[in-house]
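My structure is below; once you've seen it, I'll send some questions.
In order of appearance the chains are A, B and C, and numbering begins at 1 in each one.
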Amino acid sequence: MLKRSVQLLSAALAVSATSSPLPWQKNGTFGYGTLSTTRSNNGSTLRVNIQNGPINLYDAKLSTDMTALLNSLKPANIPSNTTHPPPKVVVFSSDNPDFWIGHYDINLILPGGTNLSTNETNALFASAINGHATGSGNEFLVQCDMAFAGPNAVVGSLEGAVGGLQGNGGIQYLVRKLGMAKAAEYLLAATSIGAQEAAAVGWVNHAYSSAEELREAVDALAYRLSLFTAGSLNGTKTAIRAWGPSPEQSDADIATILRLFPEEIEHLPRLIELSDNQTANAFELGALRDIKDVEELVIQ
Amino acid sequence: MLKRSVQLLSAALAVSATSSPLPWQKNGTFGYGTLSTTRSNNGSTLRVNIQNGPINLYDAKLSTDMTALLNSLKPANIPSNTTHPPPKVVVFSSDNPDFWIGHYDINLILPGGTNLSTNETNALFASAINGHATGSGNEFLVQCDMAFAGPNAVVGSLEGAVGGLQGNGGIQYLVRKLGMAKAAEYLLAATSIGAQEAAAVGWVNHAYSSAEELREAVDALAYRLSLFTAGSLNGTKTAIRAWGPSPEQSDADIATILRLFPEEIEHLPRLIELSDNQTANAFELGALRDIKDVEELVIQ
Amino acid sequence: MLKRSVQLLSAALAVSATSSPLPWQKNGTFGYGTLSTTRSNNGSTLRVNIQNGPINLYDAKLSTDMTALLNSLKPANIPSNTTHPPPKVVVFSSDNPDFWIGHYDINLILPGGTNLSTNETNALFASAINGHATGSGNEFLVQCDMAFAGPNAVVGSLEGAVGGLQGNGGIQYLVRKLGMAKAAEYLLAATSIGAQEAAAVGWVNHAYSSAEELREAVDALAYRLSLFTAGSLNGTKTAIRAWGPSPEQSDADIATILRLFPEEIEHLPRLIELSDNQTANAFELGALRDIKDVEELVIQ
């Protein structure tokens, strides 16, 4: 369902591209307003602020806006006569003090892949995380080209605790970052870790000790990259991503998720209950780091 | 020869599975008694203690018992009407103070691969190492899903010093853990390292400062995993192991071992002599970390 | 052009191999004299000292000498009746206090790949770096089997700052050492780092605190490897390098470089000017670590 709506949206974008500004061509919000954009470095850098309720839930609104943004950056959707060239670097951050991108909205019945692919654009994607990036949030994080963490960053997967697994490359990219054994340890345990440990094991590039340092470091890097040619940046990105997972591998993981879904769905009402329907309560903020939270969720 | 006996054994297991308990269905020993099993977490976790003489030599007895255990965990060999579902996690440890799993018994003429594959089962394999895991022991260690070390852990390969190389994925999995250059440094030098260095370079997941801490940490992880569904654990394991070596690559390494074997065999009598026929003497415990031991072994 | 001359040279070597000593069969220099060889451990180790002007520029002379050395080590070019077996280990170092191998000579019009392949020989390659290894120098470094750094080592890529990217496996091997995200951060930023950071992220195997320690450690390792059989060393090297990039991947990167070259060439006069025609001035020694140097280079 999501996949089909993405295709329709993509077609719509291709048609309307010259008549209305694309999301990255102006400052402000678009669609459902879950993402707000700020251009800098003469348009070479696009800052995207994520804002979607108390936990930046990856729900239908955020999913639609994110898909619209990613599709607008696909080369085929960029009008050749544009007065604004596309950004070289896209930085994703959130001014929500606790969440960067939360997990998938478990009130939705998951019908297919969420199509969170950052792989099909020429722009570089940098995550600047100073809150939770778990579940779908982590799927998005690990496929970005680079990720930088502030002191409040929490990264992890909780799918395993409810009978599922990460998709959209969430496992495949993490294995390439951490190696098989460390990825197994974290993913199988369905747990989350903080910024320092994430940097030590390679889940993020660096951990900074304050939100200010994080912002300054990412801005400095984005400015430096903005000085280089789009051809060189994209050529290097393309060469690096040749090491990423194949589409077949990602499809295999999605197939496993769908196969396990009948078992997973039985756990979801309890997850909604414990999180007070996905609000920033103690259970949600705990991100399953405490075994007691796991027992509350799983043991009937 | 070993390969053929494994196939015969596998056939025997398939036939007899419903009439006698499989190794993981009860506490105690089986076969030659080199492995003793303890079930916990309602059968979800199987602790396997390795006990085979002074250095836990990977000889015909241990090889046969290990093969029987691994084969009994293959999905095709698990009876559909079993009252005991297979374990979700298998933890390998040893109460031998110096050895976890030692090297291959060099009194045996190596006829083919030792078939140490942990890849064909749905159970997760965790190594809990607080002694030497060298040679065949290391081949087994690196293909486990996760590995945890106590203060007495020693990991390494000594095959290079006698003209051979590691098989059974020993090189291929280590390259994915350490990267090519670090793996080259250790494997070419045919040396061994302790727990702290092993954790720092990614050879094991973590190093703990006492045997008690090691046991508690692995037990806590095994308990946590025991709460999750077998489908989710196995789906994640399968997705992760897609990054592992191909069977063709492992076969190529075995072919190289067999090609080099006529040269390797000339070194083996000296290795038997220096180790007092593979006992826990100073040479064996040294694990070739001292260049003097290498010179004694190699220089005629 | 370079590629063709390499082929001719290779043919010439194959013909002349029995009549004149190959570069590794004697102490001293050969060709243009940019490399001088010293045999030790009874010929099992070959030390190669790099000496080519103030910055060890990777120019036509060094490229020709290096290609001759690498070709002379290809199995097909080693005469079967040689009295000197080829070295087991080749150690590359330089007594230039500031440079190990510098970047490509940008006065040359880059016509094709520089064919810096260490992959086709049986000898092991160890880099012992105590100066700049940037640009082409880094391309060579990362494809060596092992790399060890002294306190003055500086590793990095500057191609991105002038509109190009690293070839010859420069990106592909670095991705396997650092992971995709760290490699992206350094390569996209076209920056360089010192020995300690290089060791921490896995760019080199170890960093030593003095030139003496570096030399002693590499000598000790080379001696240890010299005791082992060539078959075992090569079998292990071959198994490890199965994880390296495919020739198709390296060719794709070279194709991107050639495609971007018309854009890159416009930046090169400014690079020649700022480096006082590639001398060891402050700009060259800065290796683009300071954003001001990048601005001077790129902003018109």
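Quick note on the criterion: contacts are C-beta pairs under 8 Å (C-beta built on N, C-alpha and C of every residue); 3 or more make two chains touch, one makes a residue touch a chain.
Per UniProt, the chains are A, B, C = ClpP/crotonase.
The structure displayed is predicted, hence computed values, not measured ones.
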{"item": "Same or different contact residues where chain C (ClpP/crotonase) meets its copy chain B (ClpP/crotonase), judged by the half mark", "value": "different"}
{"item": "Chain A (ClpP/crotonase) onto chain C (ClpP/crotonase), rotation angle from CA fit, given as a multiple of 5 degrees", "value": "120"}
{"item": "Centre distance in Å when chain B (ClpP/crotonase) and chain C (ClpP/crotonase) are each reduced to the mean of their C-alpha atoms", "value": "38"}
{"item": "Sequence positions of chain B (ClpP/crotonase) contacting 2 or more other chains", "value": "176"}
{"item": "Partner chain A (ClpP/crotonase), residues of chain B (ClpP/crotonase) touching it in the complex", "value": "124, 144-147, 173, 176-177, 202, 204-205, 220-221, 223-225, 227-229, 231-233, 235-244"}
{"item": "Chain A (ClpP/crotonase) to chain B (ClpP/crotonase) touching residues, read off their complex", "value": "159-166, 171-172, 175-176, 179-185, 187-191, 249, 252-253, 256-257, 259-260, 263-264, 291, 294-295, 298-299"}
